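There are two complexes below, and they share chain A, which is joined by chain B in the first and by chain C in the second.
Up next, the complex of A and B:
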């Protein structure tokens, strides 16, 4: 006999939660597995110079990135990426809040911001190299300068579109400036800010790689170009795989954080749909 | 008058809009005593929200003065709490029910235990002692409005101002919330200024009903409601006196709508 508790635990069509998780995982890995198997077979049937078999790439991956390159290239690159992302998000939110809440500043800066945003970030590299030399701070500056725009612009839009009734509520209860910022302006802008953060993450990864492709002797971007120039094709591909994994990792961290920060936002959406 | 709490004197509000000035309030004057429950009733769009925003210091009047406890109102006064018409937009969805009620107390000088007691007490007063950890959007409309009322109660204002708070809830919930307002007034002695467009509601709740004319608005009538303080949804509304008062208010509003009443001499 099924008790109410049973019915609650098992989902649609009577599947238990565990079964559903397994099915979800199977769905997620099905296509990658099929692709890799197809590639394996294809590489076996007609070997290609520029498309080595997945096994060769996997071997190259272990030999290249888990060797000395881990401390020489991978960790420094990822550390720069991490620091730059934190800087880009912090600067974007801080500057965006100030600009968004100061009407005259916003009107003054809007045309300039439009112009700078329209510049493709990679062209910043020659400029920053001239200004700062080939240093770690140059690489950081390049990533930050290229990647902070989405957070900045979304924060500006987010903080200026605070609901008028919510603002009047804050005024009538005489919340202090700091309280308004902390409990009203920033949370209400959070959905927009998170949209910006998502874009910032992908631009930051791109900028990290590109900043290491010129005039340098270490880093992930440098290594990949080096392998290509020396016809180490499997190694080159393994670098691309590594970058893909970094991207997936960033996306996973983002989703994890976003779920928590915007719990209320998703909750409202769910109640509206129900 | 020693116990005058709120004094509105020759208030006028003209909105400057792109298509020219809109005179929302012509000339409103009235007083409210300490501990009174005054209802303001008027047709839709007559400037009730405008009036309350001026009283709450959120809007600058074009002319006239407002005094609360003998001090002129120039910005939001310390001792006033508002319950807005749009409860959905007045509660912060990223805060829990408790967080919302506690928010206005954060910068007040009191320790955490005392703040927590105030919040508990306010949630209990509105019958939401078990919903503290929920989020506003998980609650029904009526419960959300209770949260907004709890937030105002915890603030311990000298005067509570409510702008058509129950216009968007169903009839049963509305009756419950009306009794909640009466209870806050009777048991806690709160001074309440309650705006509504519902004539029955104004008579049921108020000790005085101020009838506003259509825009540009002035006070059409000021009626004392001589019903017993203990009121009950069924018996009070069935009283002949209730019907008389309701008819009186209704007639005043009809006259105002037809523009029959003459603007009083200021």
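Up next, the complex of A and C:
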């Protein structure tokens, strides 16, 4: 099944691997380079107050984030984000497995969970501020509480839809509960769980930023709002860029982990398609 | 696309009677716990008002004009933002998706821009538009656009090569090819994109209200919290949650209706 798109991607057959890599790199960098150059020219021709030139933003980036702010704002924020993501995923998978494997519990809780999931996570920030005040544990708790729903619900669905023949086979072979969990239930739920993890990552990042914008005095989100309130436009933009980089980094880590965890799954998909 | 495959499954499950009964029991149990625990002092009543009190506050709110103004502000922002994101996402997706060169050139840019959190733009939109609706719209469109775009790209790439070649052999015009071949294939993906985007749009509308102060339920919620109106805070959270559920149900119903010809939905009905 060779479509025109395929030939386009792999290049005409005669070309060497090296040439193809060069072409791929060109494809990858062309548009970003054009966009940045266009922005540079635009900023040069008609300077805008709210859209400083990329050079000014780059300078502000180095001056702002590589100084004391790195240890005061950036690292604590990212550490909180990291811990919260690990907690959210762990809680989501653990609770999801228990609920998914217990039919009555699942049916009992489903509407409740659907309701909590439908609440936009940022709404939790005022509630948690009310309950816990503004503390580090509150900031952690609010990220976890907002972000663990996708993993939880996807784990429930994934665990529930374990192939019944395989479950019965595992029972016939007298696999212990732990073995069944380790070698059957969790692997077969893994593709769904990873779908949930992807959503959890982006919600966690959103929650981290907003919880810091909401009446605090340190952290990435706070810094960026502070720059905006003081009309430090280039610095504010450098913050936006930093948040963007964090988002891109998380996505890259996710893709890397997903490839490793789901290597078998992508393999099966490919054979099915061929 | 695991989410596509399981959505009908979930719906079917919901229809069975005993499941629904257990689910309602679950809701009542949680409600009862939240009523009793604050009253017997396990939960601090100052922070956790009994559920009846929250419900009373919510019902009081239902009688107030200001509440409904806030609801309609929230829903209007959601609807406008979602519409813009859908139109842009579909148009850009179909164009990029049908031209292989464009797809190759833009894929790195899309992969880079997509994970940038929309909330990072909050300070910028505050400078540009303050607490006007535009602030919320930009955040919504930025977040929802990528959801739609990526799904449309998947959908356009999913066109059966034989069907496409056949259409070409019969000299279908580009427009006819688009309408008869590409669009029907992409439609299920578009609807998945719509479902995801609808949820994301509500999140960002409420976020803009809460953080920036764009008029709507989120702003009322922020005010209620900072003025210490505890049960009103919870009542508004419940209201926002109900709107969230309504939007989910609406998106699923629309998906089902628009795709009623599609095998994934038809199989579901036959069973």
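The criterion applied here is as follows: the second predicted complex is superposed on the first by the 256 of 274 C-alpha atoms of A that agree within 3 Å, B and C clash if a C-alpha of one lies under 4 Å from a C-alpha of the other, contacts with A are read in each partner's own complex, and residues count from 1 in each chain.
The rule is short, and it goes like this: a contact is a pair of C-beta atoms (placed from the backbone, for glycine too) under 8 Å apart; a residue touches a chain by one contact, two chains touch by 3 or more.
Keep in mind the model is a prediction, meaning the values are calculated, not measured.
Participant: Going by the contact rule set out at the top, does A:18 touch chain B (first), chain C (second), both, or neither?
Facilitator: After superposing on A, A:18 lies clear of both chain B and chain C.
Participant: Applying the document's definition of touch, where does A:267 land relative to chain B and chain C: first, second, both, or neither?
Facilitator: In the superposition, A:267 contacts chain B only.
Participant: Residues of chain A touched: more by chain B or chain C?
Facilitator: The partner making contact with more of chain A's residues is C.
Participant: Let me test your reading of the model: by the given contact rule, A:68 touches which partner, first (chain B), second (chain C), both or neither?
Facilitator: Neither: A:68 stays clear of chain B and chain C.
Participant: Which partner chains sit in contact with A:168 here, chain B, chain C, both or neither? Use first/second/both/neither.
Facilitator: After superposing on A, A:168 lies in contact with chain B but is clear of chain C.
Participant: With both complexes overlaid on chain A, does A:179 touch chain B (first), chain C (second), both or neither?
Facilitator: So A:179 only meets chain B here.
Participant: Enumerate the residues of chain A that count as touching chain B in its complex and touching chain C in the other.
Facilitator: None.
Participant: Which residues of chain B touch chain A in their complex?
Facilitator: Those in contact with chain A are residues 53, 56-58, 76, 78, 80-82, 84, 86, 89-90, 92-95, 103-104, 106-107, 135, 137-138, 151, 155.
Participant: In their complex, what parts of chain C are in touch with chain A?
Facilitator: So the residues of chain C in touch with chain A come to 2-3, 6, 9-10, 18-19, 22-27, 29-30, 47, 100-101, 103-109, 111-112, 114-124, 126-128, 157, 161, 202-203, 206-207, 210-211, 218, 221-222, 224-226, 230, 233-234, 237, 240-242, 244-245, 247-248.
Participant: For a test of understanding, state which residues of chain A touch chain B in their complex under the given definition.
Facilitator: Within the complex, chain A contacts chain B at residues 163, 165-166, 168-169, 171-176, 179, 183-184, 187-188, 190, 264-265, 267-268, 271.
Participant: Can you tell me which positions in chain A touch chain C when the two form their complex?
Facilitator: 1, 3-5, 8-9, 27-32, 35, 50, 104, 107-112, 114-116, 118-127, 129-131, 157, 161, 191-192, 195, 202, 205-206, 209-210, 213-214, 224-225, 227-228, 233, 236-237, 239-240, 243-244, 247-248, 250-251
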